[in-house]
Structures are given as C-alpha cells and as structure tokens.
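Report on the following structure.
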Amino acid sequence: MIPQDLASVSPALTRYARDTLLFGLWKRPGLSRRDRAVITVAALIARNQAGELPFYMNYALDHGVQPRELSEIITHLSFYAGWGNGITAAQVAAKIFAERSIGADQLPPASPSLLPIDQAAEDRRARTVEETVGSVSPGLVKDTGEVLFRDLWRRPDLAARDRSMVTVVALISNGQVQQMPFHLSRAMDNGLSRDEASELVSHVAYYAGWPAAFSSVSVVKGVFDAARK
Amino acid sequence: MIPQDLASVSPALTRYARDTLLFGLWKRPGLSRRDRAVITVAALIARNQAGELPFYMNYALDHGVQPRELSEIITHLSFYAGWGNGITAAQVAAKIFAERSIGADQLPPASPSLLPIDQAAEDRRARTVEETVGSVSPGLVKDTGEVLFRDLWRRPDLAARDRSMVTVVALISNGQVQQMPFHLSRAMDNGLSRDEASELVSHVAYYAGWPAAFSSVSVVKGVFDAARK
Amino acid sequence: MIPQDLASVSPALTRYARDTLLFGLWKRPGLSRRDRAVITVAALIARNQAGELPFYMNYALDHGVQPRELSEIITHLSFYAGWGNGITAAQVAAKIFAERSIGADQLPPASPSLLPIDQAAEDRRARTVEETVGSVSPGLVKDTGEVLFRDLWRRPDLAARDRSMVTVVALISNGQVQQMPFHLSRAMDNGLSRDEASELVSHVAYYAGWPAAFSSVSVVKGVFDAARK
C-alpha cells in the first residue's frame, strides 16, 4: 500500500497513505475490510490500473475474499468495464493464484448450475430494455438478456449483493452514472445497506478520484429518496 | 483472443471468449469481420489498452485492413482520443509492421494530396463551432478547422466512412456522447448503414464495457429518428 | 516528444508532432511553456499515461517547474484523479528525481505550515457540500473538508493558481465537467486569466483528445459569462 518510491517524490503521499488511508479510511466503520477490498479491486479493474492490483488482490484474499469470488469479480467486470480490463485483471490474478497454489478446484466452473431467476423482475427488465434499446440495437438487447441477465448474473459463486456492489463501483469509477439508478436500487434490493452505499461512495473517492464520487452523488440521492418512500 | 491465463483464473472467461465472442459476436451478420476488427482496434486505442492491441491489430491486418488504413486510424485517434493514445498505438504497430516487413512504401505520406472539401458543409460546421466555441477558446476553433477538418479528415488513405466510424467508436468508448449527434450523422452520410451502426453499438459493448454502450443509446436513437424524417 | 516509432507507422504523426505540436501549439502565446508543461503533465497523470510522462516531466523541470511543484502536482492529483494515478506518477518521478539528484531537501515536507484559510469562503463551501452530499455520504463530506480543503489545498509548495489549474485539467481530461463551475471559478479567483483558461482548453484538446475539450466548452462558457457580470 505504501510503495517506497513515494517517499522520494512526496513525503506527503506517504503520510496520506499511512494516516488517511491505512489507519483512517480502511479502519473506519460503515464497511468491513473485506468489502473495502472488494470495492478497491473493482475500482482498479474498472480503471485498468494493473500496477496497483497485485497488492489489493492479495489484501482481498488475506481478508476474507475467496478465490472463487475474485474469479467471478473479474469475469463480471469483463462485461461491465470492458473485455480488455478483464484480461488485464486475469493476468494479474493468474500470477497471484499460482503463488498461492490456488488450483482449478477452487475456481467456479465454466458452466455451473445457475441461480433461479425472478421471472417477474426479469420480464420487467427485459421489457424496459426492449423499449429503450430495441429500436437502436437489437444485438445489444439480445446480449444483455442472454449473456448478462440470464447467464452472468445467475452464476452462483459471487453473492448477488457483491455482484451488484462491484457493478455500482464500476459505474462510479468510470463516470457512467446513467445506469446507476437501476444498479444501485438492485444492489439495495440485494442486501447492500444504505449506510454501506454511503460509505462506498466515500471509499471510491480515494481510488477513482474525488470528481467521480461527487458526480455520482445526485444519482445516489435519487435512489435513496425513492427507497425511502 | 484467448490468453492462457484466463483458464487458471476464470474458466468462465474462457467459455465466453470462445462461445460468446469468437464463435458468437465475431461471426454474426450486421458487420463484416473487417469492420469488427476496425471497431475493436479503435475501442482499444481510445481506451489506451496496449495489452490487447497486438492481437487485434494482427487480426485486422489478416482480415482485410490495409497497413495504410491502420496507420491512418492511429493518426486519426491521436486527435480524437488524445496524443498519448496515438503514441502508444504507434509503438505497438511499429513492432507489428517490422515483423510483417511493412515498409515506408505501404504507409500514407506525411502530406498527401488532400481529398476535395464540401465547402458548403465545411462552412456550416465552421459557423456552428465559431458560435458555440468562439467566445470560449479561439485556439480550439482555429485548430478544429485547420488541423482536423481541413487537413486530417481530408487525408485520402482511410475512407470517410471508416474515419467517421472510428470517431464514433472513440466517443462511445470514452463516454463522450455529447459529440455523437454530429459524428454519427456524418458517419451515416459517409455510408455507414443504420444496421451497421446498430451492430456497432452492440460490438463496442464487449470492448468498452456495457455501460458505455448503454449510455450511447439515447443519442443514437435521436440520430436514427432524425435520419428517418 | 517525437518517438522514433512514429515514422515507421505514421509519417503524418511525425509531421503533426513537429509542425502542429512542437513548433505550433507549444510556441503560441496565451500560455507560457512552463504552464503548458504543467497542464500536459496534469492531463497525463489524470489519464494514467505513464509512457508519455518521463518526457514531459523532464520537459517541465527544464522549463521552470520546480521539483517541489511537481511533487505537489502528483500529491494533488492522487486525490483528484485517483490514488493509483498518483502512485504511477510517483514511480515515474522517482526515477527522474534520482537521475537529477533531486533529494529530500528539495521536496515539500509531509506536514508543512499550512497557508491561511479564507474562513468565510470555506464556510460557504462546507455548507454547500453539506447540503448536497450530507444526506448521501457523510464520509465524503468529512474527507472533502478535512483531507482536501483544510489540508491538501492549503499546502504551500504549489501556488493556489497552479493547484486550481491542474484540478481543472483533470476534470476536463476525465470528462468530469460537473465539478468544473466550482473549480474554474476558483482558478480564476486564484489568478488564472480568462485568456489562459481559453488556451488551456485548446491545449488539453491535444493531450486528452478533442471530445474532452469540446465537452467542457459549454461549462467554461457558463463560468466566463458569470465572471463578466
């Protein structure tokens, strides 16, 4: 977390790394360390920052994230942050898994039994996407249903709450706030508490930059207000 | 397209790479393989993903993209995605061109005879930019005319349709949808069909991430609706 | 500025590098070379383009940017562009500082005496952030005050005008225009002239891509119009 180079360029960064991040942000309540690790890894994958990934992937594995969960986070973000981001993350993880002797038996199968689907909710989602996207890109409508919501999202080795959480982190990190209302509502339906979502925004500010966090605020507010009704 | 590391981290990614991308997306109608290669290379350059570029640049050259076209795509995106992105892409291409013994005789000259200009359309464009940008940044107005529209866009070694296509891909990939109406209309005027544009959105979803594609949908719809009138 | 690889891929890029950038953009009035170097380094850090950083960091140090200023730019953008961007930039700078024998005595201390604060302005800022962000993320409100405005922004080794300038560059470069009104007004209050801001937009177009510059135009116009009243 505190590379040696920092001190020879910015003693202040060393101080912030230690006091503000390590003994500040990462120790405060609102989110478990395990969740902070998941959020940080997701932000780094979403922004394709391979340099920082080894430290935080190892940290995640040391603080309760299972290899199968990390595998699924990478798979999930290959679609929500872009294929190349997934490949980059997989290459970093491959080294770490080898170092830790994490073998195929600890990985999710390519085609597991999928979680049951909430057909009414899926029908609503499919109808909305058909209405908004159907006349623009039938291919996108088809893939969103077949590849993402009827396959990827139903894979069992990452909890729905965590899957939603990394999706929301990717959206904030890449400034794609348009899709936040759907995914943050879904995250809260899937068990992310309001306090956790609040602190998630604040944690992401450090790893995706302050402006990304601030740009998400009005959208998060809209979801919180709607949830209260 | 399927790095070996994938299997040791995510057997699912290997399955998606093969079934969903290689034997799915890349084989479906709507866009030629050559166009898919151009679009993918453009998305990777726009997002500065050097790791994936060698595979897809080689794929492009193997599927009908000429070296002079690849050269122009890099030159064009140096302005539409940022100078550093162009340099990164040129460094990757330099190795590939050397391996394939592609020499200077296959490259576009630095200063070729430029394509004729549609003076009425250029006058309209210049007037609009002067009205919207003139009071903010005279330098940007000047460079947009002199460097881009009266020079770069008139270079003959990349078809106007392809030049527009990579511009649109860069805008979607980087979430810069504000400039989409102008450039997507121009792409369609330059010969990109509506069906190709539809499938382009869907192809880009994989390489720039789903949220980028979804964020472009309402803008694409606006252009399609206007074109229908 | 002109890597050798360019010529073997795009003779045009070599021409643009020389005529349009080196003997064009970088020599024109509106901004000093020193400011252009600061802006370019900020754009590259904001976009995490490590490959281009060594050239421009050296150029900055050769054209009037002090090591302590470069150190502070990196520290500042660690928050405004993301922690990983700061680490990447620090790693590049560490090599350059070692090559130039820039030692600890030339770096800003971790905890210097902070600049005095304009309490009325800070109270206004804190009130606005509390009103807009307080119900969404108390952690973000707290850190924005404690870490950024009552600490980072008051560090003395980078002029307030330069600190604002690199913040604005980061916002344009990453398409985060929502926060531009506050930070561009602040930049102008801190001494960035209107002509300098105009030319900044035009300079950033080259290094962050044309679409990023164009997307900032309407927001910059709003700030200019408000300042004129």
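Note that the chains take the letters A, B and C in the order they are written out, and that residue 1 is the start of every chain.
Keep in mind that, in the parts below, a residue touches a chain if its C-beta (ideal position, glycine included) is under 8 Å from a C-beta of that chain, and two chains touch if they have at least 3 such contacts.
The structure presented is a predicted model; accordingly, all values stated were derived computationally and were not measured.
Asker: What topology does the chain touch graph have (line, ring, star, complete, other)?
Answerer: Its topology is that of a complete graph.
Asker: Same or different: at the chain A/chain C interface, is the fraction of residue numbers used by both copies above or below half?
Answerer: Chain A and chain C contact each other through largely non-matching residue numbers.
Asker: For chain A versus chain C, what separation do you get between their C-alpha means, in angstrom?
Answerer: Once rounded, the distance between the two centres reads 28 Å.
Asker: In chain B, what residues contact two or more other chains?
Answerer: In chain B, the residues touching two or more other chains are 175.
Asker: Okay, in this complex, where on chain C does chain A touch?
Answerer: Touching chain A: residues 48, 71-72, 74-75, 78-88, 90-91, 93-94, 97-98, 104, 107-111, 132-133, 135-140, 142-144, 147-148, 155, 170-171, 174-176, 178-179 of chain C.
Asker: What part of chain C is in contact with chain B in the complex they form?
Answerer: Touching chain B from chain C are residues 3, 5-6, 8-16, 20-21, 25, 28, 30, 43-44, 47, 49, 51-52, 175, 198-199, 201-203, 205-215, 217-218, 220-221, 224.
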